[in-house]
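Heads up, the next two complexes both have subunit A, just with different partners, subunit B and then subunit C.
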Partner chain A sequence: MNQKRILLSLEESVFSKNSDEVTRAVQAGAIDKILPSDIFKSLSKGIERAREQFRNGVYSIPDFLLAIDAYRRGIGFLKDYAVDITANNTECPPKVVIGVVEGDVHDLGKNIVAAVLEASGYQVHDLGRNVSSEIFIDALKKTQASILALSTMMSTTLDTMKALIWMVRKIFPAVAIIVGGAPFDMDLARQIGADGYAENAIAAPDETRRVLNNISTQIGFVA
Partner chain B sequence: MNLLGMMKTLKSGRLPPLGTIPDSLLDAAAGAASFRGRFRKLTSVERILTTFRHKEPDRVPVTPILCSAARQISGMTFPDYALNADKSAQSFIDGFDFVGGDLVILMLDLSVEAADFGQKMNYPDASTPHPDYSQPVIRHIDDYERIRRIDLADAPRMTEFVKLCRIVAERIGLRGIVTGFVFGPLGVLSMMRGAENMFKDCVLYPKKVISACETITGVLIDFVDAQCRTGVPAVSIDTLYASRNGLPKKLWEEIEGPFSRDISMAIKKHGVVVGIHNCGHDLYFDSQIKFMEPEVISFAHLPDDCGTRKELKRRYGDHVTLLGHVPTPLLVHGSPRDVMEECKREIEELAAGGGFILAPGCEYPPNIPLTNAIALVKAAEKFG
Partner chain C sequence: MKPIHILSDSVRFHMDPIRLLEHVSLQIGYPKIPSDRNFYGKIQEIIKEGHQKVRIEFAYKETPILSWNDQSVVAGGIVIDSMRWAELVRQMDSPGRICVFIVTVGLAVDQWIQEVQGRSMFDAYIADAFASVWIEFAADRLSMEIEKQYARAGLECSRRLSPGYCDWRLGIGQNAIFKLVQTKDMGVSCLPSGLMVPLKTISAVMFTGKRVFCKTPCVFCNDRACRHRRETPPVKAP
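Then we have the complex of A and B:
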């Protein structure tokens, strides 16, 4: 397989939800001659096309989850192959810390959003589910992330989330905070102090970009 | 059931199973109640039966779907509420007496059935019980076929739930309609596998999932049989994954559809009313109606084939009673006035001709104050 065909195959395999095909493509002999950033772009194009199908109602959640698996298979290879997949990029992508707040174990929506943000060019640090506020704060400190994405599917954890947002505001005023999950709408997101609200994975990249630009403007620079 | 049997049941303070009463008699009773409702206040039972028959009662019936939130009235912990039928019954009755409404939906949490299939659970003091997903029953695709049928006698959570149905049905009597609850087989499986893995398994290994659904459905039929024998007039089936939050329509019809029909038929065999609860987005009203033929659908969002509430009413409102659909976020952050305004809009668009019960789109949020539940009930009284 030549380089162009490998890249096309990667994109197509992610789009068609086929993890095994991704493995076959990365095992092709010529893969080591391809720039990691080009591999990343192909995988991202595949997941972006899948997201488009999801947006249009052609792909269901299970379809999109399988596309994410295929995408992650490729990213996993890339991480082994080139530790810093952005080494050839001149720009450093914005970092996102994401997780489900303490008291909630529903991580389906968060997992989808994390993959979509990663595919949209963000460097995502996924802390998992039922994450304590201390761990979120530590992660923001260590990663110097510019975005905090919080998820919950329950209304019982809203107080915890509100307290966490208040702490983050105090310690990291330049961090943009976005929330999502079943109990939310935009009004509630604002009420608990978030900058933005993503109704679903389709809306997540645009909303993340918007809140990031807003907060950058507020503190005097453009991201 | 003959007339004498009906009178006897009513005299004992219980409602005869509606499915055993001839349609003509129900229609005549609903027509008479609708007429009387123009001049005087109906009872909750009359009000609901009238709306079920798609006639207008004195006002719109209402339920705040006050489940675990009602435990706040007596300061109960979540584990007490979830695991002890006497305490949970007290909580539901407190909610009914304190906040009001015409209908009591008995829903504890979505893990009742899965816990009895061996799923390890967490029971936090201040939040809803949930599976310990680090120890799922189904770790591997082959585990679907290892699920074994269980006897209700060896199922403590389901047994407590049946006891809850009995206590509440007896204590509410003819003051309101009480409904049981069952999570559909895919819902139960998602608690034992994790939703994300189960969704992918449905696409990649549907036969294995179907085999597990078959085993689970056998137990769920025993479970609804036992609920129906307690005297609850209705049982609600939760088929959450028949929505865009779950499986594509065709796949849902292939996997869970036939089993949901079996559960529905088991309920109807007792003459008990079948309801559906589905708080997913773009839910599949058409598929769920095709398989379960429900009298009532409790919904949070519009179905996939309707763009507006008016369209929903036009398409489904003459043969299904719609129960909903005040948004959860509004109950969490809105003022009582906001809630009442939303209720007014919903009543205006959905109540004409009967077949509508005002309610939240899902369970009333467990830890928030009950003021918006009261607002919801007041809205039915004021605008209904």
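Then we have the complex of A and C:
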């Protein structure tokens, strides 16, 4: 297989939810001649097409997750070979700090969102679940992230989340904040001070882009 | 009133494999039996794997209802702060006891779902659905057993009410239940947020009396959009 065919095969395999085909493509002889950033772009294109299928009602959530698995198979290959996917990539991807707030350990949804954001070109720093506000603040300082993504499935942790958002607003006014999880709709997201709300993992990249652009405009430049 | 020892350790939790497959499929938004053979096979594999992890444990306590008003129901060692369920008790003939229970599919299931996430998000989604179906089944099975045992004593039961549902606030409700029921032996704990660990655990109360005319308080409730609404008409008082 030539390089172009391998890249097309990777995109198509992710789109068609076929992890085994991803493995076959990465095992093709010429893969080591391809720039890691090009491999990443092909895998991401596959995810973008799968997202489109979901938005059009063709894919269900389980279908989309099969596409995520195929994408992760490809990314796993890059990581196995200790390849830095940002090498040769002149663009600096926006950084996202993501986690489940303190008091909650439901993390399946958050993990799916993290995978989708990564596939959409964001550099994701996943702090895990039941994460204290101090750890979130510390991570924002260390990573200089421009987006904070917070998740909870419970209503009793909303006060904690609201207090965290208030602190982040004070310390990092340029950070865009999105929230997600069972208790939320757009109204509640606004009430607790977030910039945006992702109804599901598939909507998360678009919503992240929107809030990032909004906050960039507010502070005087466009991302 | 003498306590009724309603449950024995020998309550059996057996779920028919076909029924389980149907419920898992419905839980993830698919038809009862998915037409895609590959998909069907994957779900079956995960169910098989999950079965080895499920270990149902439960604890319960029953206690007499002492008083009630339009805000809450007071029973021995627990206060149920729910206006709607207080109304349900008010409508009962001779309110008698409440039965409080906690049931779990076990910590091994939580750990298994975490492990599965490492290899496949699809598999983890199915595993999570499998565990949700199992815990709902276990709580239903336990509720039915409680109802059956009370029926032998000539008493009727309401449906089960869990903290966080209807107008019973999660934090307050979990706190009340965990003060009453001993859960150390079954390995269940509750965080200050009201979250129970293992995640696939249900806590609930059931109200009993000579006649329970409304099984749920939906009939007194105007929230027509509630996704948990049950339209069962009340039984007419003689």
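A few points about this structure:
Note that in this section the second predicted complex is superposed on the first by the 219 of 223 C-alpha atoms of A that agree within 3 Å, B and C clash if a C-alpha of one lies under 4 Å from a C-alpha of the other, contacts with A are read in each partner's own complex, and residues count from 1 in each chain.
We take it that a contact is a pair of C-beta atoms (placed from the backbone, for glycine too) under 8 Å apart; a residue touches a chain by one contact, two chains touch by 3 or more.
Model, not experiment: these values are computed from the prediction.
Model built by superposing both complexes on subunit A: subunit B and subunit C clash. Contact with neither subunit B nor subunit C is seen for A:Asp38 once the two complexes are overlaid on the shared chain. Put subunit B and subunit C next to each other and count what each touches on subunit A; the higher total goes to B.
Looking at the shared chain after the overlay, A:Val105 reaches both subunit B and subunit C. Once the two complexes are laid over each other on the shared chain, residue contacts for A:Ala115 go to subunit C alone; subunit B is not touched.
When the two structures are aligned on the shared chain, A:Ser155 is found in touch with subunit B and with subunit C. Residue contacts after overlaying the shared chain place A:Leu188 against subunit B, while subunit C stays out of touching range.
By the document's definition of touching, both partners, subunit B and subunit C, reach A:Leu65. The single stretch of subunit B with clashing C-alpha atoms against subunit C, selected from 24-32, 294-302 or 312-320, is 294-302. Counting contacts by the rule stated earlier, residues 60-62, 65-66, 69, 103, 105-106, 108, 111, 154-157 of subunit A appear in both its interface with subunit B and its interface with subunit C.
Partner subunit A is touched in their complex by these residues of subunit C: 28-30, 39, 113, 117, 120-122, 124-126, 128, 164, 170-171, 191-195, 197, 199. Across the complex, subunit C is touched by residues 60-62, 65-66, 68-69, 72, 102-106, 108, 111-112, 115, 154-157, 160 of subunit A. Looking at the complex, you find that subunit A touches subunit B at residues 57, 60-63, 65-66, 69, 103, 105-108, 111, 129, 154-159, 182-185, 187-188, 191.
The touching residues of subunit B, when paired with subunit A in their complex, are 122, 124, 126-128, 130-131, 133, 195-196, 199-200, 202-204, 244-248, 251, 327-330, 332-334, 365-368.
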